[in-house]
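Chain nomenclature is as follows: A, B and C, assigned in order of appearance, with residue numbering initiated at 1 for each chain independently.
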C-alpha cells in the first residue's frame, strides 16, 4: 500500500542504501505531500535512521535519487532541517541552551559573520515555543533528557526551514514533554511545514501522525494513517525480516566485492 | 654479506643475547598488544611507555648504575601509576579518555625529562646508557639484561596463556563476565600489570617513544589475515619477531643507528603490505577482485545478448553486431568472447557467434535469476515494475543456487516475470 | 629579584607557545582528538628534517611549510587508514605517528652532519637558547630572538583562525552531522584545524620539542575544562593557565637547574592534579552536605 502524491515536497526514487557493505534499505520509492506530519515506523534495523540520513546526504546510497522541492538536496539546504538522535552528541560540551539554539541560525549568516541581536532574539523565541526560556542560560550538561530534546528541536526551529527531519525526537522523553512537542509539530504542519519523524511506538503513532511510512528493510507502506495502519501491513512491518533479504544481505556482506555499487 | 652470515650464524654470544632479548620482548609485546588492540585501548600502551621514563631515571639516581633489576622496578612503578591514573581520572572526572591519556603521557614524560637532564649533568659515565632508553639500543643488551628482561617476558607470556580464556571473555563480553561473577576487577588489574610489564621489557631495545608501535602494529597487521584470536596472536608474534630481529641486525651493521626506529619501520611496512595484499581485506586484493567481477559481468551480458537473439528467432550474431551492444568496449568484448569460447559457452565460426549448450544453460540461469529477482521485488516488496530492472541487473551476477532455490519456492515456480517475459528453465 | 632580560624572553616565548597550543588544544579536546594532536606533533619530524636538508638551515619558511605538509599528511594517512583500510582509529593513530617519527629519527641519524638537530632535543627542545638565537636582518640590526618572532606570528595566526571561524568550529565540534546537513564542509574545518595544529607544532618545535607540545595541547585545556562550563571562558582560562605554566615552569627549572620544557610539563601536570583533587573534595563535601540535609529533614 504505497500512496503517491502529485507535487510532492519530498520524492525518493528507487533508493538502495548500504551500511558499508551491508544493504539495509532496498529500492525505496515514495513521495510525501506538503503540510503533513509523517511518522516513520519499523522494527530495529529496519532502516529508519538510515533513510533519514541518506536523504540528508549524511550517507551515500547505492542507487536512486532524492529530490526535495523537486531539486537536489544540496541546493535546498536552507529550507530543510535535521534533528539527529540525542545520543549522537556529547552533552558535556561547554555551552548553554541558548548557545545551542543559536547554532540553528549559523546557516544563514555566511562565512565570517557572527550571530548578533537578531539571531539571539530568534533563538529565544524558539526556546519559548518549546517552553525552555527559563533554562536559556543553563549548561546543557545540567539539563534532563527531555529538556535536551527540546533544545534540539528549538535549534531546528531556528533554522526557519520548510521541511523538518527528526530522528527519534521522543526517545527517553517524559510523557508531558512528548505531548507538548507533538502539539507544536501539529501546529507547524497546519501552517504548511512538512515534518518527517522517526518514531518507535505504534500506538502513539496512530494518534500523532496523519501519514505513515512503514519500513522493514524495504518500503512496506506509505500513505495516510487510516489506510496504512492495518493489521496485515503491521505484520509485514514488524513480523520479522524477509529471510531472503537477510540471506542476500549476508551474501553481499561476506563477498569481496559489493555488487550494489559500481 | 659477511655481516649477515656473522650475525645469523649466532657464533657471537653478544649477537645471541641481542636476538634473544629482542625476540622475548617482541613476543610479549605482540601478545599483550593483541588484547589491548581488541579492547580498543591501544593508545594506553603509548602512555605507559612514555610514563616509565621517570621511573627509569629514579632507578638510575638511587643506584648510580644501569642495574636492570632496579630499572625494571622503577619503570614498573611509574608505568603502573600512570595506568592507574588514567583509569581513575577517566572514571571520576568529566575528562574524556583520550585527553587523559595525552595528559598523562606528556606530563609523566616531562617529569622524566627533568630527571634525565639532572642525571646528565652529574657526568656519571653510566648515564650515557640512559639515552638509549629514549629510542632503544638493542646492541647494549648484555647477559644480565637478558636474564631480567627474558624472565619478565616469559612471565608475561605464561600469565597471558594461563588466563587466556578469562581475558578473552573480559574483552569480548565484559557484561556477561560480570553477570556470572567473574572477578573482573582482579582480572583487569592483572591485565594492566601485564601491559606495564610488556612495555618495561621493551624499553631498552626499542625505547620509550616508539614502544607503542610494537604493541599496536603487529596486531593491526595480523587483523587483516584472520578473525580468530588464536591465529591473530600467532601472526602478530611472527610479524613482531621478524621485525625485531631485522631491527637488531640493522643496528648491528650500523652501530650508530638506534634500534627502535628500524624495528618500527620494518613492522609498519609489514603492516602496510598486509593492508594492501591480505587475501580477504587487502586493498589490492579487493581491487583485483573487483576487476575480475567486472569481467564476469561483461561475460554474463554477452551471454544474455545472445539469448535475446535466440528469443527473437535468430541463431547467432556476428562479432560486429555483438560489439554494437557494448559501445566503447570492443577490446573487452573480444577478450570476454575468447574466455567464453574457452569455457565452451560459445562457439564461433568465422566471426559468427552462437551459444553452445553449456552457454545456453548459463544464459538461461542468469536471465532466470534476473526475472525471479524482479518478481520478488514486485511481489514481496511492493516495488513498481518499472523500477525493478536496474537492481535485478546488478543482482543476477551474484545470486547463488541456494538463493535461487529459495526464490523459486517463495514465488511458487512462476512462469513469467513482471513484464510478462517467460522465466527460462532448462528442459529436463 | 632584578629583571633578567633573558628570563623574560624565555618566559615570553614559552607563554606565546603555550597559548597558541592551548587555544587549539581546546578544540582538539572537545573533538576527542587529543591523541591526533599527539600524533601530528610526532609526525612532523621527518618533514622538519627534510626541510632542513633542502633549505640548509632551520630558518625561514621552508621548515614550516615542509613540516606543516607532513602534519597534514599524517592527518590524511590516519583518515585513510580509518575510512578506506577500515582500521580502528586508535591503531590508525598509533601506526601513523610511530612510523613517521621513526623515519624522522633515522633521517636525523643518517644526516647527522648536515642537520643541526639532535635526537634528544627533538623531544624537548632548547628553549634556553632562545635569547641567543637572534634574528639579524640583512642590514645588520638585531631584532631579537628569532624563535620569539615565530611564536608571535604563530599566535596571531591561531587567534585569527579561531575568531574568524569560531562559529564553524563550535558547530562542527558539538554536532558534526548537523553541521553537514546545514551545508558546512566538516572536512574542510577539520583539515583547517589540523593544519593549524601542524603549523603550531612545527613553529614550536625548536623551542619546546615534540613532547612538550603535546603537554601544552592537552593539559591546560583539560584543567580549564574542569573549572569552566562555557566555551569562551574555557578559552580565556586556558590562555591564563598557559602563561602561568610558562612562568612557573621557568622558575622551577631555574630552581632545580633542569630542562625548562620538562619543568613546564611538570607544572602543568601539578595544576591538573591539584584541580582534580580540589574538584573531588568539593564534590565529596557537597554530597555529604546533601546527606546531612536530608537526614535533618527526616527528623
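Just so we're on the same page, contacts are C-beta pairs under 8 Å (C-beta built on N, C-alpha and C of every residue); 3 or more make two chains touch, one makes a residue touch a chain.
Because the structure is predicted, anything quoted here is derived from the model rather than measured.
Trainee: Using mean Cα positions as chain centres, tell me which chain lies farthest from chain C.
Mentor: For chain C, the chain whose C-alpha mean is farthest off is A.
Trainee: Please give the pair of chains with the highest number of C-beta contact pairs.
Mentor: After tallying contacts for each pair, the winner is B-C.
Trainee: Starting from the mean Cα coordinates of chain A and chain B, work out the distance between those two points in Å.
Mentor: 36
Trainee: Taking the mean of the C-alpha atoms as each chain's centre, how many Å separate chain A from chain C?
Mentor: Each chain's C-alpha centroid was found; their separation is 39 Å.
Trainee: Can you compute the centre-to-centre distance for chain B and chain C, using the mean CA position of each chain? Integer Å is fine.
Mentor: Centre-to-centre distance between chain B and chain C: 31 Å.
Trainee: For chain B, give me the residues that contact two or more of the other chains.
Mentor: Answer for chain B, listing residues that touch two or more other chains: 94.
Trainee: Any chance you could list the residues of chain A touching two or more other chains?
Mentor: 141
Trainee: Considering chain C alone, which of its residues make contact with at least two other chains?
Mentor: 32, 225
Trainee: Any idea which chain A residues touch chain C in the complex?
Mentor: Residues 53, 56-58, 74, 77-78, 80-82, 84, 88-90, 93-96, 99-100, 103, 106-107, 109, 111-112, 114-115, 139, 141, 155, 159 of chain A touch chain C in their complex.
Trainee: For the complex, which residues does chain B have touching chain C?
Mentor: Residues 37, 40-43, 46, 50, 89, 92-96, 98-103, 105-118, 121, 131, 134-135, 209-210, 212-213, 215-217, 219-220, 223, 256-258, 260-262, 264-265, 268, 271, 275, 281, 283 of chain B touch chain C in their complex.
Trainee: Quick check: in the complex, which residue numbers of chain B touch chain A?
Mentor: These residues of chain B touch chain A: 94, 280, 285-286, 289-290, 293, 376-377, 380-384, 387-388, 390-391, 394-395, 397-400, 402-403, 406-407, 410.
Trainee: Which residues of chain A touch chain B once you look at their complex with the stated criterion?
Mentor: Answer in residue numbers: 1-2, 13-14, 16, 26-27, 29, 63, 92, 141, 218-221, 242-244, 247-248, 251-252, 255-257, 259-260.
Trainee: Residue numbers of chain C touching chain A in their complex, please.
Mentor: Contact set of chain C toward chain A: 30, 32, 164, 166-168, 170-171, 173-175, 177-178, 180-184, 225, 228-231, 233-234.
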